[in-house]
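Listed after this line are the structures, all set down as structure tokens.
Next come two complexes built around chain A: one with chain B, the other with chain C.
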Partner chain A sequence: MSFLKTLFRSRTKQVNMTICGLDKAGKTTILNYLVRGEYYETLPTMGVNRDTIDFPKLKINIFDLGGQEDFRGLWNQINEKSDALVFVVDSSDQFRLQESKEIFYNIVNTQINEGIPVLILLNKVDIDNRVSRAEFLEEFELLQNELPFSWACYETSAKTGSGIFDSFSWFIQTLKEV
Partner chain B sequence: MKPTSMCLVQMGNKGLELVKSYPDVLPQTIIDEIVVKSMPLGAKDGDFTSNVISEDNAFSSYVFSIPSTFGRDNIGSLVAVFDNTNYSANDVRKLFSIIISELRNNNAVDITILAEILPTIFKSFGNKNVKIKISSVVTVEIDFTDEEKPMDTKEKIAKSLSDDMW
Partner chain C sequence: MVYSNIEGGIILLVSAFTGYFLFISTTAAVFSNLFTIILFRQFLKKRTLGTILLTISFLFVSIAETFTAVGQYFYVFIGDNIYTGYFEVSFIFCYGIAYVFFYYFSNRHILQDKDFLKAITTIFSTALVSLISAFMFSDLLNNIVDPVFVDTIILYGPDVIQYLPSQIVGLAVYVPIFALIHIRIIVRLIKIRRDLENPVTKRGFTYILYSVVLMVLSTLVASFYIIPGVNEIPFVVGILHTFRGGTAIISIIFGYFGWILPDWLKRRIKGKAWIVSQMKKEITTKIAPIASSKTVNLSKADSIVEVSEQ
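For the complex of A and B:
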């Protein structure tokens, strides 16, 4: 019986996923939406929030990392053990796009393992006066650069749930194939 | 059980930051340590923590959420710093949780209000009755005597007898 259990368990793939991005980008709200399926008010993350989602044959350990400058020193240790990265950008905060871009390239160039899938979420699309997906791709130079990993960029709102399902469907499918 | 100082800490743009300390008597190195340790990793609304700092100092802190009318709510902590470890952390927890709860009932959990009333909270340590003026018209009154009603002699004898029997 225990042999069968071991065999069954071994068929469930387990992956570690980190959620990074600037403070107030909506990382914890996205995590809450993924886990509970609805919007919840959040408080600033004190370091790391950890949660797990079980899919058939896939278990995802999620590490939601606090975005404040003082917590960014923790990111490297967690990102280097990660199998997948979600990078969240606040589409309504155009003043911090450059800061967000610098952090993104710092993570993908120095912290994550080669070849892991990267999901970029252009969050808070429910807010007016935001940057569009096309403008964002241009600003982040994602199409110009030859990036050594598979990536996708989706517009999301963790408040309304818009785009969350589509973006993570792509991500989960990619994770199952890796 | 008077603290040597009290601190108010909140999450700022870059990380945790001191809003105010009263009285302002603590060395910067101690303040820096308190700011980081008063809200440990994973801290959330309602958490209470006690810790020793440097050789003889200790502190207890109470974490609470700070509602915001725009954007998301923030997180902060009230900290009492002592020059010894012989204080009752439970009493500090009770005082802080009741103060925050009363302020919450009056929609007054606001960092500016908390900074203003910090000296009153400092002076209220050890008192059975605390009056905190939060605006020109609202005064929060907290009576701790109800919480710790002393047992009368008959009750004491009955409890002692019951303890002996069991």
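For the complex of A and C:
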């Protein structure tokens, strides 16, 4: 019986991934870049955008969650079923860094399952007047706090594509191993 | 019909042409029923009004195709009888009702007619189809020698009888229905397609357009038998029947895939995601340099700000 189960079991692993972050952080632009490999102007996400990416032996269902306050109530339901989290921070918006941090810790402490990989993207690095890496790390207290999950932080630009491949390469590798 | 008596048993002999004719009709019936079931399963999953309207439309098409096939089987295996006529004449009624449901379904995404226009179109189409069908049934029921509404045509080659609406009746039913429903849908679809940028949605609407065009073609081809002399050329009869069955089947398939757009089809249309191609190293995208001084000339390894130890 177990042989039959093994025989007919899908060999493709299915993973749900959520992309969260404040509004205008660039979540949809990152998703578009992952799919199309190009920068596209986007409209604010009203609710949730859903897309699927098929890797060899890995299928990722991506939920790009609208960042506006009205839609943050939806996050909990989707995040609790998620197997991976991508958190996007707008590096050019220094004034909302604190708000972004609060939301990040709210998600990782109360919404996501234990042990799932988390990818933090410091996005919009193509903009000159932006928060530095050191400032970001200090503000987010990523090095001070011992976070109970594997995470990585990358600098990205969904406009130029910088860092997108490297960050998701790490993420997908981690997902395959989990 | 030809019967042969071999060693006491009676074997019904059906010519290859008749067999082929029946095969096409059966295939059309099987396909339409199959896609109706698949669509109904989609409805059970989605529970949307649009899907149930399309399912009902498909259901009437499948009833029409099944009745036509059954009518032809009756004629071939039992002989000419009133039931052949009843089954074949049901075709016009069932297709008419299918078109009305299809019109309602199209109104959700394509036409968006006002309630008044919807009511007029529905009432007019249903009344027209019902009345004409009733007159056709009446001709058959009363066994009228020279019927006004029904044309009985023997198709040479397959030697199958075909009960069709007479020329004027066929025009009276289909011209207004096509003008009110199908032509408007086709024109609107062409306009919608032109403005679309999303390749998936565009492909979906293209399939729908093909489906509607083929739906019209399928009905038009069926009416070609009415043209004097056409039924007497076996080759033409074979071609017409194949074309009609084929267009009906392909129309259903395009309709289903265009409206439902299953996930695997969406992914196929979109092609491989950029990140997948990158990871397979099939393509390399030139990433523009970062303008900031801190990130210029960063190596891949350096671009990682920090990775946890876990």
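Here is the rule we use: the second predicted complex is superposed on the first by the 169 of 178 C-alpha atoms of A that agree within 3 Å, B and C clash if a C-alpha of one lies under 4 Å from a C-alpha of the other, contacts with A are read in each partner's own complex, and residues count from 1 in each chain.
FYI, a contact is a pair of C-beta atoms (placed from the backbone, for glycine too) under 8 Å apart; a residue touches a chain by one contact, two chains touch by 3 or more.
Note that the structure is a prediction, hence the values are computed from the model and not measured.
J.: Looking at the overlay, what does A:Asp166 touch: chain B (first), chain C (second), both, or neither?
T.: second
J.: A:Asp23 in the overlay: touching chain B, chain C, both, or neither? Say first, second, both or neither.
T.: Only chain B is touched by A:Asp23; chain C is not.
J.: Based on the superposed arrangement, let me know which partner A:Thr42 touches: chain B (first), chain C (second), both, or neither?
T.: In the superposition, A:Thr42 touches chain B alone.
J.: Name the chain, either chain B or chain C, that contacts more residues of chain A.
T.: Tallying touched residues of chain A, the top partner is C.
J.: Touching A:Ile78, do we find chain B (first), chain C (second), both, or neither?
T.: The answer is neither, since A:Ile78 touches no partner chain.
J.: Determine where on chain A the residues touched by chain B overlap those touched by chain C, and list them.
T.: Residues common to the chain A contacts of chain C and of chain B do not exist here, since the sets are disjoint.
J.: Once bound in the complex, which stretches of chain A touch chain C?
T.: 33-38, 52-56, 122, 125-128, 130, 132-133, 136-137, 142-143, 147, 149-155, 157, 160-166, 168-170, 172
J.: Which of the residues in chain B come into contact with chain A in the complex?
T.: That would be residues 11-16, 39-45, 65, 71-75 of chain B.
J.: Which residues, counting only chain C, touch chain A once they are in their complex?
T.: Residues in contact with chain A: 263, 267, 270, 273-280, 285, 287-292, 294-295, 300, 303-308, 310.
J.: Contact residues on chain A for chain B in the complex?
T.: 23-24, 41-44, 46-49, 68-71
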